[in-house]
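The data blocks that follow each hold one structure.
Next come two complexes, and both contain chain A; in the first it sits with chain B, in the second with chain C.
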Partner chain A sequence: MNALALLGRYFAASMRSQMQYPASAIMLTLGQLGSTAIEIVSIWALFDRFGAVKGWAFGEVMFFYALIGISFSFADFLTRGFDVFGSDFVRTGAFDRLLLRPRSAALQLVGHDFRISRFGRFFQASIILAIATGMLGFVWTPQAVLLALWTIAGGIAFFSALFVLQAVMAFWTVESLEAVNALTYGGVYAGQFPLSLYARWFRTFLIFIVPLACVAYFPVLAILGRSDPLGAPDWFLPLAPAAGFLFLALAFLAWRFGVSKYTSTGS
Partner chain B sequence: MPQILVQDLAKTYRVAERDPGMFGAVRGLVRRRWRTVEALKDVSFSLERGELLGFIGPNGAGKSTTIKILSGILRPDGGRVEIEGLVPYADRIKHVARIGVVFGQRTQLWWDLPVIDGFDLLRDIYRVDPQRYRTTRDELVAMLRLEKLLDQPVRQLSLGQRMRAEIAAALLHEPSILFLDEPTIGLDAPSKLAVREFVKKLNQERGVTVLLTTHDMHDIEALAQRVIVIGHGRVLADSPFEALRANVLAERRLFVDFAGAAPVLDLPGVEVRNRDGRALELAFNPQITSAPALIAAITARHAVEDIHVEQPAIEEVIARFYDLHGANEA
Partner chain C sequence: MDALRPYAAAFSSRFLLMMQYRAAALAGFFTQCWFGAVHVMVLAAFYLGAPDAAAASPITLSQAVTYTWLAQGLLAVMPWVGDPEIADGVRTGAISYDRLRPVDPYALWYVRAAGWMTARLVPRVALMILAAGIILPLIGQGQWAWQPPASLPAALLFALSETLAIALACSIIMLINIVVVATLNARGVNILMQPLVIVFTGNLLPLALYPDPVRIALFVQPFAGTLDIPNRIYFGNLTGQMAWAGIGLQVFWTVLFVVLGRFWLARVMARLEVQGG
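Coming up: the complex of A and B.
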C-alpha cells in the first residue's frame, strides 16, 4: 500500500476514534470557531477607531486574516503529530514505536491524528473571507481563485514547516517548546496585518528568515490587484508562496538530521 | 551463519546534567555539563534460528540498549550486528519489517480504536497481503483467545487482555524473530501463564526465534533454554540455566519436621540454615552428600514426620550470581 493510501487509512481511523466522543468533537470545533472569532473583533475595534491604517482598509486586512487562518487550520489539521511530538513521543518513548515500523517516521506522525476541531478556525476564516469579499466588492475571477488556492497551499507548507521545526527542537530539549509556539501562533497573528505596518528589521525577518510574508502579504497583494507600497516588483508577488515549500523542504532536512541524532543517542 | 550475530558491541551515552528550576533549564540550553555513561562495553553473542533466549540483568545493565540496537532504532559506537544478513540500524525499514517487538510497558495499539481496527491498520502499515493477513489474524485470535475482545476499544481492555492483543499485533506480519521486553510485567497469574504458553508454542511450532528480557525469573524457568546474563555492559554468562545454577548455587535444601524438638545435627558438609521448634532447614552440596544418603542418616537416628528437598529458587540463583559479579552496583 502506498503512502497516500496509508494516510487515507490513518485518516479514517482518526475520524472513527474521535467519533467515539461525538459531542466532544463538536464542542471543540465550536470552541475554536468562537475563540478565533474574538480575534477579528479586536482587529475591527482597532480599525473602527482609526478608520484606515497606513492606507489599508479593514476589508483588506480581513482578507489577510482569512487566508492566513485557512492555511493555518489545514496545517494544524495535518501536522498534529509534529505538534505533540515532544510531549507525546519523545518524552514518553513512543517515538521508538514509530521507528519499529517499516514506514518513515514523518509519514506516521502525519497519520497520528487529524483533529476535527481544527475546522472551527477554517469555518471562521471562511466566513471572514466572505464578509471581506462583500465589503471590498471584490470579484472572484478564475485567476484570483487559482492565486488564492496557491497562496493557501504555500501557507499550509509554511505553517507545517513551523510545526516540523518545533518537533525537531524536541530532539534536543522538551522543555523549551514554548519558544517555537511563539513562532507558530505568533506567526498567525503577525500574518494578519499587512507587512508594511512593521518595522524594517521585522519585515526582513518575515521575508527571509521565517518567510511568512511570502505566503500572506505578497500573494494577497497580487490577489487584490495592488502593488507593494514597499516596492517589491509586481512579477514577484504571485510567485512568493513557493517560499513556503522551500521552507518546508528545509524543515524536513532538519527533521532528518534530528532523527539521525536520536538514533545515535537514543534520547 | 547464525540468524543473529552480535560482535563487540559498545555504546556510550552522554547524559546532560541539568540544574533544577527554571534558571537551570535555560542555562542547560546554552551550556551543558555532560556525564558519560558506558552502557555497553563489549557484548558478543549469536543466535541460531528457532532459539529461545532469556536476556537478563539488573536495571541499568545494558539490556534495553542491546535490544534497541538489535531492533534498529539505536546506532552502536562500536562493534557489529548482523541479523539475517542485514545491519539493523543501517537498513532500519527493511529490518523492522522482519521482526516483531512487544514492550510490556508500552502499547502499540490505538487507544480509542477497537482492537480489530488497530490490527487492520497494522496490516496496511506492514503491507501484509490481505488474504495472508486474514489467515494469520484468525490463527492468532484463536490461539490467544481474542474473539470477544476484537470489537472493544483498547482502552477498555484489562492489562492481561491488552497484552494478549499486543502480542498478536506484533505477529500479524509473520516476523521470523520476536523481541519480548518484559511481556509479563504487571500481569495476573493466569495471564502470565497464558503468555508463557503462547510464546513456547510459537517458538516450538512455528520456529520463531525469541529473545526475551524479563525480571520475572519464572518466565526464564518456563521458557528459556539458554540464558545470557548481562551486567556492567558485558556478557557475564551465556549458558543453559541449569549450568548457571550448577556454577553459582549448586546447593540443595532439605526441610525436615521432627516428631519431637529438632535435634542438634553434626553431619559433614551439611549446614543448618534455619531452626524453628521442631523444623530444620538444612543446606547441602549434592556433589558431596547425596539427598537419599542424607535422608537415610537423619531418619535412622531421629523420628521424622515430614521431609522434602528443594532447589534454591531461580531468583536466589540469579541474585547470588549478581552478587558474585558485583553486578548490582550498576
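Coming up: the complex of A and C.
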C-alpha cells in the first residue's frame, strides 16, 4: 500500500471513530465555530470606537483574519499527532511502537487523528471571508482565487511546521510545551492584524524568524491589489507564501535530527 | 477549627503540588508575554491613529496597556475550564472516593479549585510584574509598562476586589465541575466556556472599549467580576461609589453561584453515575 492509500485508511478510521458519537462531533464543531466567531466582535469594537487604523478598514482586517483562520484550521486538522506528540507518544513510550513499523514516523503521526471539530474554525473563517468580500465589494478574479489558494497552502505549511517543531521539542522536554501555543494560537491572533501596526522588532521577527507575515500579510496585500506601505517590492508579495514551505522543510530537518537523538522513556 | 482542617489540607496539598510545575509556569509566562505584547501594539496603533476618539475613550492608552498586562498576569484566575482533577475523577470513577469522604463535597472541591488556581497564579503574576512592571521601564520602554496602582486606596480596594475575583472565578469553576459530573464529559463544556471567558472577562479587549450602549450590560454580567472590575479599580477608573458597586456585584454573583452550585451539586450527587472499573 502506498503512503497516500495508507493515509486514506487512517483518515477513514478516524472519521468512523468520531462518528460513533455524532452528537458530540457536531457539538464540538459548533463549539469551535462559536469560540472563534466571537473573537471578531472585539476587533469590530475597536474599529467602531477608533475608526480605520493606519489606513486599514475593518473589511480588510477581516480578510487577514479569514485567510489565516482557514490556513490554521487545515494545519490543525492534519497535525494533531504532532500536537499531542509529547504527552501521548514520548512520555508514554508509545513512539517506540511507531518506530518499529515499516513506515515513516511522520506519516503515522499525520494519520494518528483527524479531528472533525477543526472544521468549526474553517466554517467560521469562510463566513467571515464572504462578509469581508461583500463589505469591500471585492471581485474574485480567477487570479485572486489562485493567489488565495496559494496563500492558504503556504499558511498550512507554516502552521504545520510550528506543530512539528513543538513535537521536536518534546524529544528533550518530554511533555508537550505550552510555549509553542504563543506561536500557533498567538500567531493566528497576531496575523489577524496588518503588519504595519507592529513595532519594528516584532515585524522583523514575523518576517525573518517565524515567517508568519509571508503567509498572511504579504500575499493578502497582493490579493487586495495594494502595495505594501512598509515598502516591500510588489513582485515579492505573491511569492511570499513559499517561505511557509521552506519553514516546513526546516522543521522536518529538525524532526529528523530529533528522531535520531530519541531515547525511549517507556518502561 | 477542627471542622476546617480537611479543607485547609486539601487547599495546601493542591497548591504545593501545582507549584512543582515550574516548566509549565515558564511556558505560560512566555505565552503571556507574546499575547501581551501583541495586544499592547494593536491598542497603541488604534489609540495613536485616532487622537479624537482616544481622547473620548473611557480609558486612556496607558490604562489600557496596564489592563493588558494585568489580564495576562492574572490569566490563571479566569474560569477557562473545569478542574481537570474532577474531570479525571469522572472518567476513571475516582469521584466515588470523594462521595465517601465525611466532608462537604462542594466545599472540598471549591478549596481544591482555589488551590489549583492560586498556585498557577503566583509564579505567573510574579514573572509578569518583573517583565512588564520592572524590566520594561528599565530598558526605556516605560510608556508600555505595567503601571503601579493609581493610589493607595485604589491599591487596597484592588486587593479586596481581586480576592473576590478569585472567589467568584472558583464559584464559576464549580458550576463547570458540576456540569462535567452531570454530563460525564468535560470537553463540551470546556469548549463552550473559552469564548465566553475570553470576551466577557475583558481578556481580549477591555470591556470599557466596547460600544457605549452595551457597556452597562457588560459591567453587570458575572464575568466582569473576574477581571474587568478589579482592573478598573486598580488604575482608578472605578472609584468611590462605582468601585463599591463593582465590589457589590462581585459579592452578589459569588453568593448566587455558590448557593446555586450547592443546590445543584446535591441533586447531581444524589443520582451520581460512576464510570470506570
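One rule holds for everything that comes next: the second predicted complex is superposed on the first by the 259 of 267 C-alpha atoms of A that agree within 3 Å, B and C clash if a C-alpha of one lies under 4 Å from a C-alpha of the other, contacts with A are read in each partner's own complex, and residues count from 1 in each chain.
In the analysis below, contacts are C-beta pairs under 8 Å (C-beta built on N, C-alpha and C of every residue); 3 or more make two chains touch, one makes a residue touch a chain.
Since we're looking at a predicted model, the values are computed, not measured.
Colleague: Kindly classify A:263 by the partners it touches after superposition: chain B alone (first), chain C alone (second), both, or neither?
Modeller: A:263: touches chain B, not chain C.
Colleague: After superposing on the shared chain, does chain C or chain B touch more chain A residues?
Modeller: C
Colleague: Taking the superposition on A as described, I'd like to know which of chain B and chain C A:163 touches: first, second, both or neither.
Modeller: So A:163 meets neither chain B nor chain C here.
Colleague: Is A:217 touching the first partner chain B, the second partner chain C, both, or neither of them?
Modeller: neither
Colleague: Using the touch definition from the top, say if A:34 reaches chain B (first), chain C (second), both or neither.
Modeller: In the superposition, A:34 contacts chain C only.
Colleague: Once chain A of both complexes is superposed, is A:17 in touch with chain B (first), chain C (second), both, or neither?
Modeller: In the superposition, A:17 contacts chain B only.
Colleague: Looking at the overlay, does A:173 come into contact with chain B only (first), chain C only (second), both, or neither?
Modeller: Touch status of A:173: both partners.
Colleague: Regarding the shared-chain residue A:49, is it in contact with chain B (first), chain C (second), both, or neither?
Modeller: In the superposition, A:49 touches chain C alone.
Colleague: Counting only touches as set out at the top, which of chain B and chain C does A:93 meet: first, second, both, neither?
Modeller: A:93 sits against chain B, while chain C stays out of touch.
Colleague: According to the stated criteria, A:186 is in contact with first (chain B), second (chain C), both, or neither; which is it?
Modeller: The second partner, chain C, only.
Colleague: After overlaying the two complexes on chain A, where does the chain B footprint on chain A coincide with the chain C footprint?
Modeller: Of chain A, residues 173, 175 contact chain B in one complex and chain C in the other.
Colleague: Which residues of chain A touch chain C in the complex?
Modeller: Residues of chain A touching chain C: 24, 27-28, 31-32, 34-39, 41-42, 45-46, 48-54, 117, 173, 175, 177-179, 181-183, 186, 189-190, 193, 197-199, 202.
Colleague: Could you please specify the touching residues of chain B with respect to chain A in the complex?
Modeller: So the residues of chain B touching chain A come out as 13-14, 25-26, 28-29, 65, 68, 71-75, 89, 92-94, 96-97, 99, 101, 103, 106, 108, 110-113, 117, 120-121, 124-127, 153.
Colleague: Which residues of chain A touch chain B once you look at their complex with the stated criterion?
Modeller: So the residues of chain A in touch with chain B come to 1, 5-6, 9-10, 13, 16-18, 20, 92-94, 96-97, 99-104, 108, 173, 175-176, 263-267.
Colleague: Can you tell me which positions in chain C touch chain A when the two form their complex?
Modeller: Going through chain C, the ones touching chain A are 23-24, 26-28, 30-31, 33-35, 37-38, 41-42, 45-47, 49-50, 53-54, 57, 185, 187-188, 191-192, 194-196, 198-199, 204-205, 209-211.
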